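Alright, structures below, take your time with them.
In what comes next, chain A is part of two complexes: it sits with chain B in the first one and with chain C in the second one.
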Partner chain A sequence: MAFASKSPWVIHYDGSSCNGCDIEVLATLCPGFDGERFGVINTGNPKHADIFLVTGSVNEQNIGVIKEIYNQMLEPKVVVACGICACTGGVFHDCYNVLGGVDAAIPVDVYAPGCAVRPEQLIDAIVAGVAALDEKSAALKAARKGA
Partner chain B sequence: MSKATIIPFGPQHPVLPEPLHLDLVVQDETVVDCIPQIGFVHRGLEKLVETRDYNQFIYIAERICGICAMGHSLGYAETVESLMGVEVPKRAEYLRVIWHELSRVHSHLLWLGLAADAFGFESMFMHCWRLRERVLDLFEKTTGGRVILSVVKVGGVVRDIDATQMAEIVSVLDGLKDEYTQIMNTLLTDTSVKNRTVGVGYLSAEDATALSMVGPFARASNLAYDVRSFGRGAYGDLSEFAPITDTAGDCFARVKVRCLEVLQSIEIIKELAAKMPAGDIAVDVKGAPADGAQASNVLEQPRGECYYYARGNGSKNLERMRMRTPTSQNLAGMTVALKGCDLADVNMIILTIDPCISCTER
Partner chain C sequence: MTLLTTLIGTLLFAVAGPVVGCLLAGLDRVISARMQGRVGPPVLQPYYDVRKLFEKERVSVNSVEGVYVACALLFALLAGGIFFSGGNLLMCVFVITLSSLFFIMAAYSTRSPYAEVGAARETLQVMSYEPMVLLMAVAFFQAANSFDVAAVLRLDHPIVCTIWLVFLGVLFILTIKLRKSPFDLALSHHAHQEIVRGVTTEMSGPVLGMVEIMHWCENVLFMGWIGMFFVWANPVSIVIAILIVALVYFLEIWIDNNFARVKWQFMFKSAWLVALIAGGVNVAFLAFL
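Up next is the complex of A and B:
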C-alpha cells in the first residue's frame, strides 16, 4: 500500500488484559511512535470509529460489552486483536474465567501478537487494518451496485 | 431538588483505559451515591499456582498488571524466598530496587498524563508520555522488554546492569529530571489546573484511616504510610527516606504527592547506583517449599501497599497464592470521595486515585 486511503479512527477497549497492551496502544498514539502521523485518532465513540482495537481475552462479564461496541460501529469496520491474550488467550488460556481470544466473541481481521504487543507491531496492524477496510468498502460498493 | 437519576459510567469510557463500571446516582448535577461494579478483567490467575510451579508462576505474577509488572514479580519472588528461606545477594537487591523505582517513575508519568487528559490538558498528556518513553528505553536496554520485564527470578535477578549502563541510566534520569521539573512546575502553578482540582474529592485523614487507604491516595490525606520507610532490602541503605505527604486530601494534593514522588524515586535510583555493591546477582534455589510453610510480604507499588501471602504444600506447586492490591483498598475511599461531587468532577476523582483494575480483579 503506497498511501493510506483513509485516516482511520480507532476505538480501544480493554477486554481482560493486564494493562501491558493497553498502555502500548496509548504509547503508539503518543510522541514516541506517533501513530497520529497516519491520521489515527483515538475516539471514545464506537459510531465514529473505523478500527476496533481489543486487548486482552474474552470472559463472561465482558463478552457482551465487546459485542455491543462492535455492533454499534458502522460498516465497513475492522477488528484488530492486540496482544497474544486477544489472539488466543495467551498465558491465561487455561484460567477458569477465560473463554479464549477475541475471535470467540466477534470476527477478527488482523492479529497482532506479542506480550506485550510492541508499538511498531501495532502500527503495522493498523496499516494492515486500513487495507482490510479498503477491501470491505469496495465489496460494500459492489454489493450496492449489484442490488 | 429533582428526582434521583442513575447515570452509568463505563465500562467503556474515554477517560478509562480500563473497564470499570459505576452507577452514579445523580440529583441535579450532584453525585449522591456511587455503586461500583467490577469483574470485567477477572481472569482467575491465583488458581494457576496449582498448575504452574513456583518458578513458572513468576511470569504469571508479573502479568497481573502491565503497569506494576516489575513490582508484582518482585513481591512474588520475595514472598517465595521468605517461604523457602533463601538469602538474596546484595547486588540483586539493589538491581531489583533500581528497576522497581524506574517503574514507579514510568507509572507516575503515565498517570500524570492520563490525569492531565482527564481535565482536558492534552498537550501535557503528550509531554508526560514523551518523557515516559525515555524510561521505557532504559528498560529495553537493560532488560529487553518495554513493559513486561521478566527480569526477576526466585533467588535474584536474571540480568546484571554493568557500569556503562548504570552511568547511562543516571545521565538519562538527570536529563529527564530537568524537563520533568518544568512540566511539574507548570502543572502545580497553573490556575486552570487548580480550578479543576483544589477542594475536589476531599477525603479526610480519619476516613482514610478508617477505610485503610494506601499509597499516594492515603499520603495526600496526611497518612505518612509508605512500605519503603520500613527499610527492608536496599531501601535500608538509603541515607534518608521520608514519605511525601500532604494535608489537603483533595485532588490537587494527590497530584502533588505523585509529582514529588517521581523526583524522590530519581534520587533513590541515583543514590543506589552510586553505592552499588559488587558480587553475584542470583543464588541457586533448589527444592520445594515445605508442607504448611506460610509467608507474607508487603511491597510499596506505585499505587500503594500490596500484600502477598503464599502457602507451600511440599511440592513444586504452591498451595495458595494471594495478593491484596492497592486499588482494591482504594476503591472504598473513591466511593466516599465521589459522594457530593459535581458530575463533571467524577473523571478527575476517579483518575486521581490512579485505579488499576487489572491488579484489583486479577
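Up next is the complex of A and C:
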C-alpha cells in the first residue's frame, strides 16, 4: 500500500503569474475547500513537499528558481502546471522574454488549464497528481528492492 | 532491578508511546479543524504522513543529522520509559532535555540559515521552560518525599493538593513543550513556512518521520506529567487523571487555535516569571512552613 497518495503535501511557486491563478491556488487550500480532508498541507519547504504547483509562464528570470525548487524536492514528486500560462505560456507565449510553459524547465505530470484556473479544476488536477505520485512511489519501491 | 524495570518500561513505551501519541495528534488535527469550521483529516492522518515520509527518497545534507535525530528519539523513549515505569522524575527531566539538545544539534549541524534560526529559537524555548520543569521536580520531592514517580501510588491525597501552584506553572510551560501557538516559535504545525519550520528545514523523508514520532512520544510523556499530579493510592485516581489529561489537552488545542504567535522576548520573560512566582513561592512555602 502506498501512503504517498494519502498525504500529498504541496508547495506553491508563482513563476510570472498575474496572481489570478495564485489566488485560486490559495483559495483551494483555504477552509472553504478544506484540502486537509485529503491530507493536503501547504508547505513552504521543497524538502517536505510532494506536489509542486507552478503558476505563470517560464522566463529567463525564473527558470533557475523553478529548477532549483524541483531539484530540492525528494522523489517521488509530481509537478502540476496551474493555469494556461503555466501549461503553454498562454497569452504571453510569443513574448520575447517568455520561454513557454513550465515544461520548458522541468517535466510536468498534470496540466490544469484555465484563466484563471478554478479551485474545482485544481482539486481534479491534484487528485490526478496523487495517482501519478502513487505510481512513482511504487516504482521507487521496486527500484529499491531491485538494487 | 531498577535498571531492568526501566529497560522493560522503555521497550513498552517504545511500542505504546507512538501509538497513543499518533492518535492524540490525529484527534488534535480533527478538533483543530472543527474549531476552524472545517471537516478536517482522518484521525489516522499523522500515521499516513509518517508512513509516507518513510517511503520518500533518503537525502540528507550530511551524515550526522540522522544520527542526532535518532539519538533524540532514543532519549525521548528512554525518558518515557523512566517515567511510566515509576522511575526517578529528575532523571526523566534530564533525559528529555538531553533529547531536546540532540534535536538542536541536528538542526545546527546542517549549517542552513533557516535551520539555525530554528535551532536558536528551540534553544530559547528550552531555556524558557527548563526552570519551571526543574522546580516541578523539586516540588514533587517535597510533596511525595521521593523523586520516584511510583511514590504517588502510596500517597493519601494527590500531590496537586500541596503543589497546585506548581501545577499551574507547569500548565503554562506545557504550551511551549507541546509546540503550541502562541509559543510555537521553533517548529509550528500550522502554515508551514521556512522560519516556522525552522528546526526541520533541512530534515526530510525518514529523518522528518523520526522527528514526528519523537514529537508524539514527547507529547505522551508531558501529558503523563500532568496526570501524575492527580494520582494517589486509590486506583480510581488513574481514571480521574486520564480525564484531567484529556481536558488539559483540549485546553491546549483551544489555546493553539485562539492565540497568535508571540515574540521570543515575551515567551522568555513570561515563562521565567511564572517559574519564579508559581514554582518559587510554592517551593519556598513547602520548605519554610
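Just so it is clear, the second predicted complex is superposed on the first by the 142 of 147 C-alpha atoms of A that agree within 3 Å, B and C clash if a C-alpha of one lies under 4 Å from a C-alpha of the other, contacts with A are read in each partner's own complex, and residues count from 1 in each chain.
FYI, contacts are C-beta pairs under 8 Å (C-beta built on N, C-alpha and C of every residue); 3 or more make two chains touch, one makes a residue touch a chain.
Quantities reported herein were computed from a predicted structural model and do not represent experimental measurements.
A.B. asks: Considering only the touch criterion stated at the top, classify A:G39 as touching first (chain B), second (chain C), both, or neither.
C.D. replies: second
A.B. asks: Who contacts more of chain A, chain B or chain C?
C.D. replies: B
A.B. asks: After the superposition on A, what does A:Y13 contact: first (chain B), second (chain C), both or neither?
C.D. replies: Once the two structures are laid over each other on A, A:Y13 reaches chain B alone.
A.B. asks: Examine A:P31 and indicate which partner it touches, taking first as chain B and second as chain C; both and neither are also allowed.
C.D. replies: The answer is both, since A:P31 touches chain B and chain C.
A.B. asks: Using the superposition on chain A described above, determine whether A:C21 touches chain B (first), chain C (second), both, or neither.
C.D. replies: first
A.B. asks: With the two structures laid over each other on chain A, which partner does A:P76 touch: chain B (first), chain C (second), both, or neither?
C.D. replies: second
A.B. asks: Counting only touches as set out at the top, which of chain B and chain C does A:V91 meet: first, second, both, neither?
C.D. replies: first
A.B. asks: Across the two complexes, what residues of chain A are contacted by chain B and by chain C?
C.D. replies: In the superposed arrangement, which is not itself an observed complex, chain A uses residues 31, 43-44 for both chain B and chain C.
A.B. asks: Which part of chain C faces chain A closely enough to touch in the complex?
C.D. replies: Touching chain A from chain C are residues 29, 33, 36-42, 45, 48-49, 51-52, 55-57, 59, 191-194, 197, 200-205, 208.
A.B. asks: For a test of understanding, state which residues of chain A touch chain B in their complex under the given definition.
C.D. replies: Residues 12-24, 26-27, 30-32, 43-44, 56-57, 59, 61-62, 65, 69, 91-92, 94-98, 115-116, 118 of chain A touch chain B in their complex.
A.B. asks: If we count contacts the way the header does, which residues on chain A are in touch with chain C in the complex?
C.D. replies: 2-4, 6-7, 31, 34, 36-39, 41-45, 47-48, 50, 74-76, 137, 140-141
A.B. asks: Mind listing the chain B positions that touch chain A in their complex?
C.D. replies: 11-14, 17-19, 39-45, 47-48, 51, 59-60, 63-67, 69, 110, 113, 125-126, 129-130, 132-133, 136, 145-148, 356, 358, 361
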